[in-house]
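Below are two complexes that have chain A in common, paired first with chain B and then with chain C.
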Partner chain A sequence: MNPTLRMASLLRIFVVVLTAACLTPPAARAQLQIQITSGVNNPVPIAIVPFAEAPTDGTDVAAVVQHDLVGSGRFSELPRDKMPATPTSAADVRFADWKAAGSDYVVVGQVVPVAGGQLAVDFNLLNDLTGQSIARQRFVGSTSALRNAAHRVSDVIYQAITGIRGAFATRIAYIAVVGEGADERFQLVVADADGYNQHLILESRFPLMSPAWSPDGQWLSYVSFENHLSAVYVQRVLTGERTRVSMRAGINGAPAWSPDGKKLALTLSGSSGHPEIYVLDLATQHLTRITDSPSINTEANWSPDGRSIYFTSDRAGEPQIYRCAATPGSNPERITFTDEYNAGPHVSPDGKLLAMVTRDDSGSYRIAVQNLVTGDFRVLTPGRLDQSPSFAPNGATIMYAARPGRAEAGILATISVDGLTGLSLKPTQGEVRDPAWGPFIQ
Partner chain B sequence: MSVVLHGSLIALLALGWWHFRQTAPAPSLPINATVVDARTLKGLGTASRPSPQPKAPPRAQPQQPPPAPVEGPPPPTPDEIAMREQAAKEEAEHEALAEKAEQAREAQRKAAQAAAAEQAAQAQKAEEAQAAAEASKLAAAKKAAAKLAAKKKLAQERKLAEEKKLAAQQAAAERAARVADLQQSLREDEQASVASGALASWQSEITSRIQNAWIRPPTAQPGIKCVLNVGLVPGGSVTSVSIGDCNGDDAVRQSIQTAVYNAAPLPPPPDGIPFPRQLIITFQPTH
Partner chain C sequence: MYRRIAVLMLLAGCLGLAACASHKPKPSAEQQQSSSENGAGANSEGAAGGANASGGPFGNQNSIAGPQAGMLAKRTIYFDFDSAVIKGDGTDIVSAHARYLSDHTDARVRLEGNTDERGSPEYNIGLGMRRAQAVRQALLLQGASAAQITVVSYGAEHPVDPAHNEDAWAKNRRVDIVYLAPNGQPTQPPQ
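Up next is the complex of A and B:
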C-alpha cells in the first residue's frame, strides 16, 4: 500500500471514530438529539367538565367557558357525552381516562355559596398528560355576575394555554335599531363580549352612530342626530351623565379617543362642506385641524402610541386609508392599495395590523386586515355587507357588523385575526350595527 | 473586440445623433472656411496647375542595322610558295630522324614499363594476399565481437524481461491491494450509510411525530428556544419530561411537554441501536 492510500485510510478511520463519537455520547447511544422547528396550528383539545352546581340563576359556567374558548378558534371541546366521568375536583380526575378520551387539558370546578349571599366560582385547569395543575383560581361575585365569573375563568385558561391575555370578560358597545316607522328607536347598548348581559345606555328617536370607548372603559363617545343636527357626545357609562362636545356647523362625526383618553379625533365639515379630521382637547375644548384637502377625510383611528391617525379619504378618487401625524401640517401617507375601496380603519392594540372594510371585485364588502409591517393584506370575512371592524383588546379577534342577506337584519359577528374562526353573536331584536370592543376591565 | 464594438456603437450613436441633429429642424450649417480675394488666387492657380498644352513625348527613331564585318586573310604570292616547299622538305627529313629517336625511346620506355608493371603486379599480389589475410582476421574478430554482443544483448533482454515481470507482479499486487482496500472501504461506507441512514430516518420519524403533536401557541415565535430532557423506556414510552433552558412563557412550556407526551410511544430504533434512555429535544421555531 502506498503512503497516500495509507494516509487516506487512516484519515477515514479517524473520521469514522469521530463520527461515532458524535453519534455516540459517553453513555453509548443512551441519548438522542432532536430539533423541532415547527408545529401545527390545530385547536387545543380541552374538556370543560360541568361545574358542581349551586343554586344559581341557571347559568352553566362550564358551558359559558366552553363557548368562549371554542369560539376563539384556539380550542376544541370534548363533548359532554364523550366525557369519561364528571369530576368536580382535581383529586377525582383519572388522567389516563381523559387522555384516552383525546383531551390534553381538563377543567373542573364548583360554584359554591359564600358569605354575603354571593357565589364563588372555583376552577382548576389540569394537564392530562403531565397530571399537573396549571391554573386554579376563585372568583367571587353576585349571582347575576356568574357569567362574568365564567368569562374570567375563560380568560385565565386562554392565557395559560395560548400565552395571550384573554378578552372574554370585556364589554362591547353597539347601536341597535328597534321598531319600525314612527316607533323606530335607536339604542346605544353595552353588553358582554359574547353579546349577553345587554344594558341600554341611551335610546333616541333620532339616529345614533359610531360609539367609541374611552381607553379606561368609563366613557362612551357617540354621534347623535337629536333634532336632526349631528353632534358628538361623551357619556359616562355607569351613571349616564353626558356632555355634548361638538355641535358645529355641518357634520360632527366619527369620534375616536386618543390612547391617553385626553383627546377626541373628530370629523367636522364646518362651513366649507368637505369633512376634515380635527383633534379636540377634552379639557380645554381646543380644536386642532389635522387634515386639509378638498376631499372627504373621515373615520379617524389613533395608533396605539398616539402619534399617528389613520383615516379614510377619497382624495385619490375612491376611498382609501391614509396615515398622518396627530399634529397639524403633516403630509398624509396612503396605506392601502389592494382594492379600489378600503375604509373604516381600526388599528390593532399592538399597532401591527390594520383592520378595514374592503370592497372586492364582486362588490361585496368584507373585513380585511393589512399587516402594517409587511404590507400583507388578507380578507377575513365572507362578506356581502360587513362593516365597522373593531379589535378585541388582546388583538386576537375582530368584531364587525354583518348583513348576511339583503332582507336580513344586521347582526354582530367575530372573526379570529387569522380568519379561521368566525362566530355570530347572540341574536338580538332588531338591527345591530357599529360595534365597538371595549378595553380590558381592570 | 468589445472595445471595437463599443467604439463602433458609440460612433454609430454619435453619427445617429449627429444625423438627427442634422436632419432635425435643419440648423444653418457652419461653413468652416476663410474668405479669400479671388485676385490673390490667380498667380497661385497658374503655378500650381499643370500646363494646359503638354509637350508630346519624342517619337522613337527606327535603328539601321550595322555593316557586315570583312573576314579571312589575303591570298599568298609564288615566292612564298617555293620557299614554303623547301622548308617542307627540310622539315620532313628532320621529322624522320626525330621519329627514329622517338621509336627507340618508346621501346626503352615500354621495357621499363613492363618491368614496372611486373613489379607492381607482384607487389599487388603480395598486398592482396596480406589484405586477404587481414580481412579474414578482421572477419573472425568481427564475428567474435558480434557473438559477444548478441550474448550481452540477450542477457540484458533477459534482465529487462525479468525486471518487467517483477514490476508487473508488483503492480498487480498493489492493484489488488488497492482494490481490496477500496472494497473494504466501500463495505465500511455502505455499512455506515445503512446504519446512519436508518438512524437518520428514525430520528426524522421522531421529529415529525413531535412536530405534528406540537400545537404551537401564538407566543412560540422565532427566537424562542426550549430544551426538553425526555426520559424513555424501551417500548418508547415517555417516563419523564423536564424543561431545561427555555426562554418561552408558560404556554410554550405547557405546549412542548404536551407535544412530547402526545407523540409517545416513540418508534423503536433500527436494529443494533439500543433504545435511547434519554432524548434531548430542542424546540426552536424558525418561522
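Up next is the complex of A and C:
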C-alpha cells in the first residue's frame, strides 16, 4: 500500500507561498529541550538508521522520527555511533548485529525524488527478534513537507508498536508575547506539535487569549482585546478570513467548538453582570444560555459526544469543575472535590479523563487528571505556575503552559498521562502560553 | 494599534517576527484603529504614578487625564488574593470618584479589572470582572449613574508588574479607573 501523503491545507498554502516568496535559510531554531522526567520502566529499544537522503532542505528524517519516538518516553534510541551498519533497505539488515547492539526494532528508509518534483519517503519497521517487517509505507509530498512526512512515519511506528494512534503529525496553536513596553506584541501562532514550522496567524498590540481549534482543524476561535473590550473571533487558518462572533457588553470569552463544528460555547456576562456559559449556533446565530448561577461560570469544554459541557464555576465558593447538559435546564453536576481550586477543564478524546489546573495546599498550580469513571485524581506536573492543559488528539499527552522558575519566561510543556514523560518547548524570545492541541490531520 | 492580519512564515521556528512577509489577506474593514498617540492628555496610568509595564496603547484610546485634585489623582484600587472586596485606601478612592461623577454628569469612566497571573486565564477574566463590578456598585451607591460607567476585565493579561513574586502580584490585583472623553451622551455598550 502506498498512500499518498495528503498534506494539510495549511501546509499546501505554506508550500505555494514558499515558492512564491523569498526563501530565508533556516535561522536559529526554537530551543527544544527533551526532559524525560523519569521515563517508563522499560522503554522499547529501537534503532532508527539514517535514511538514504535525496538532496533536500537538510531535514534529517531519521532524526525527526527519533526525536518523536524518544520524546514520547516509550522508546530508547540506539545512538548513531553505536550502529553496526547503515542499511537503507531491509535486504541489507543483518539482524544478529542489531540484536547484539541491544535493539528490538530497526527502522530503515530512503528519501527519493519522484515525478512532479516531489519526494517519496519510504520506510520499513523491522522486528530484530523475528526478522519480520512490521510496517512499511511510502509518503509522498513536497520537499518542504519532509518534516511532516517524518512525523507520519513516527505515527505509523508508534501505533505499530504501542497500539496507540500517534499524534506526531499534528499542530498546535498558542499565544506568544514578544517585545516590551510600546513594542509589546501578542501573537496567535500555529506550529507543528514539536514547535517547528511556526506560522503567524494574527498579531496585535492588545492581548489575545484562548485559542480553540474547530474539529476539522480549519478554523481557530480566540479572544481579542483589540477594541479595548473583549471580543470573540473565528478565523480561517488557511486564508486569514475572520469574523467577530461576539462583542457584547461585559465579558466575551472562552470559546469552545462543539464536536460537530456547528456550535460555539462562549462565556458572556452582559445581561447578568456575571459570567455564564452560552451556546451560539454558528449557522443561525441563535444564542442559548446554558448556566444560571450568580457566580463565575466559564471555560466551557465539550464532551466528545457533544451532549455535555464541562466548565469552571465558583458557585460553591472556590472554582471547581462542573458538568451540565449542552442544552439549557439541566442541573450542573459537580465533578471535582479534591483541593480548593480546580479550573480549566479539558476532557480526553475518549471522554474518560479530565485534565485541569489544580492548586495544592502549598499554593502551587499544577496540572492534574481525574478519571471520570473511577474518580481517581492524579497530579502530573511539578508546578508552580502551570495552567491551560490541552489533550493531544490521541489522549496520550497533555500540553500546558508553565513557568519553570520565578524569573523565567513562560514556556509550553507536555506531560504524558501517566506522568512519567515531560518535554518543554522554550521560545527563543518572549514567552508563550495558552496552547491548544489541534485535531488529527486527515 | 491593530495590525493587518498576515500569514507570515517563520522559517525554522524562530519565534521573533521573521523573514519573508508573503501572502497578506486584506484586513477586514472593522479592524482599523486610529493612532494610539493621544494628544488630549496623559496616559491614565501615568497620572496615577504607577509603573506601567506595557506602556503601550492600553487605555489611551479616548482616555483623558481627568480630575487630579487630592484623592482623585489616585486611580487604582487594590485587592487581596482571590478577593473582590474593596478595602483600606480603596474605599476613600472610590468615594472621591463617586462624588466627582455625581457632580459632573458628563464625566465618563471605564473600570478595568485585573488579577495576578496565577491560575486559569479565563477564570481570571471572571475574577477581574468581579472586582470591576464591585467598584462599579460602590460608585453607583455613592451617586454615580450607570450611564457614566463601562467595565472591562483584562484578567491576568495586563499586569503593571511582569515579575513573578508576591510584590508584583499584589500590584496587579487591581481595578484601574480610566477617565474617558466626555461625549455628552449616555454610554452605550457596544453590540
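Quick note on the criterion: the second predicted complex is superposed on the first by the 397 of 442 C-alpha atoms of A that agree within 3 Å, B and C clash if a C-alpha of one lies under 4 Å from a C-alpha of the other, contacts with A are read in each partner's own complex, and residues count from 1 in each chain.
One rule holds for everything that comes next: a residue touches a chain if its C-beta (ideal position, glycine included) is under 8 Å from a C-beta of that chain, and two chains touch if they have at least 3 such contacts.
As the structure is a prediction and not an experimental result, all values here were calculated from the model.
Peer 1: After the superposition on A, what does A:Asn197 contact: first (chain B), second (chain C), both or neither?
Peer 2: A:Asn197: touches chain C, not chain B.
Peer 1: Under the stated touch criterion, which partner chain does A:Arg406 make contact with: chain B (first), chain C (second), both, or neither?
Peer 2: A:Arg406 contacts chain C only, not chain B.
Peer 1: In the overlaid three-chain picture, which partner chain does A:Arg289 touch, first (chain B) or second (chain C), both, or neither?
Peer 2: After superposing on A, A:Arg289 lies clear of both chain B and chain C.
Peer 1: Using the touch definition from the top, say if A:Arg307 reaches chain B (first), chain C (second), both or neither.
Peer 2: Touch partners of A:Arg307: none, neither chain B nor chain C.
Peer 1: See if chain A has more residues touched by chain B or by chain C, and give me that chain.
Peer 2: Of chain B and chain C, more residues of chain A lie in contact with C.
Peer 1: Output check: A:Ala182 vs chain B and chain C. Expected answer is one of first, second, both, neither. What do you get?
Peer 2: In the superposed model, A:Ala182 contacts chain C only, not chain B.
Peer 1: Counting only touches as set out at the top, which of chain B and chain C does A:Ile134 meet: first, second, both, neither?
Peer 2: Only chain B is touched by A:Ile134; chain C is not.
Peer 1: If you lay the two complexes on top of each other, which residues of chain A touch chain B in one and chain C in the other?
Peer 2: Shared contact residues on chain A: 23, 27-30.
Peer 1: List the residues on chain A that touch chain B in their complex, please.
Peer 2: It comes out as residues 1-2, 5, 9, 12, 16, 19, 23, 27-44, 104, 127, 129-130, 134, 159-164, 396.
Peer 1: Would you pull the chain A residues touching chain C in the complex into a rising list?
Peer 2: 13-14, 17-18, 20-30, 176, 178, 180-185, 189, 191, 195-207, 209-210, 225-230, 235, 239-244, 247-251, 253-254, 267, 269-270, 273-275, 296-299, 312, 314, 318-319, 341, 343-344, 357, 359, 365, 385, 387-388, 403, 406-407, 427-430, 432-434
Peer 1: How about chain B: which of its residues touch chain A in the complex?
Peer 2: 174, 177-178, 181, 185, 188, 192, 196, 199, 203, 206-207, 210-220, 241, 249-252, 254-259, 261-262, 273-274, 276-287
Peer 1: Show me the residue ranges of chain C that touch chain A in the complex, using the header's touch definition.
Peer 2: 1-3, 5-25, 28, 30-31, 33, 36, 53-59, 61, 82, 110, 117-123, 125-127, 129-130, 133, 150-155, 157-158, 163-165, 189-191
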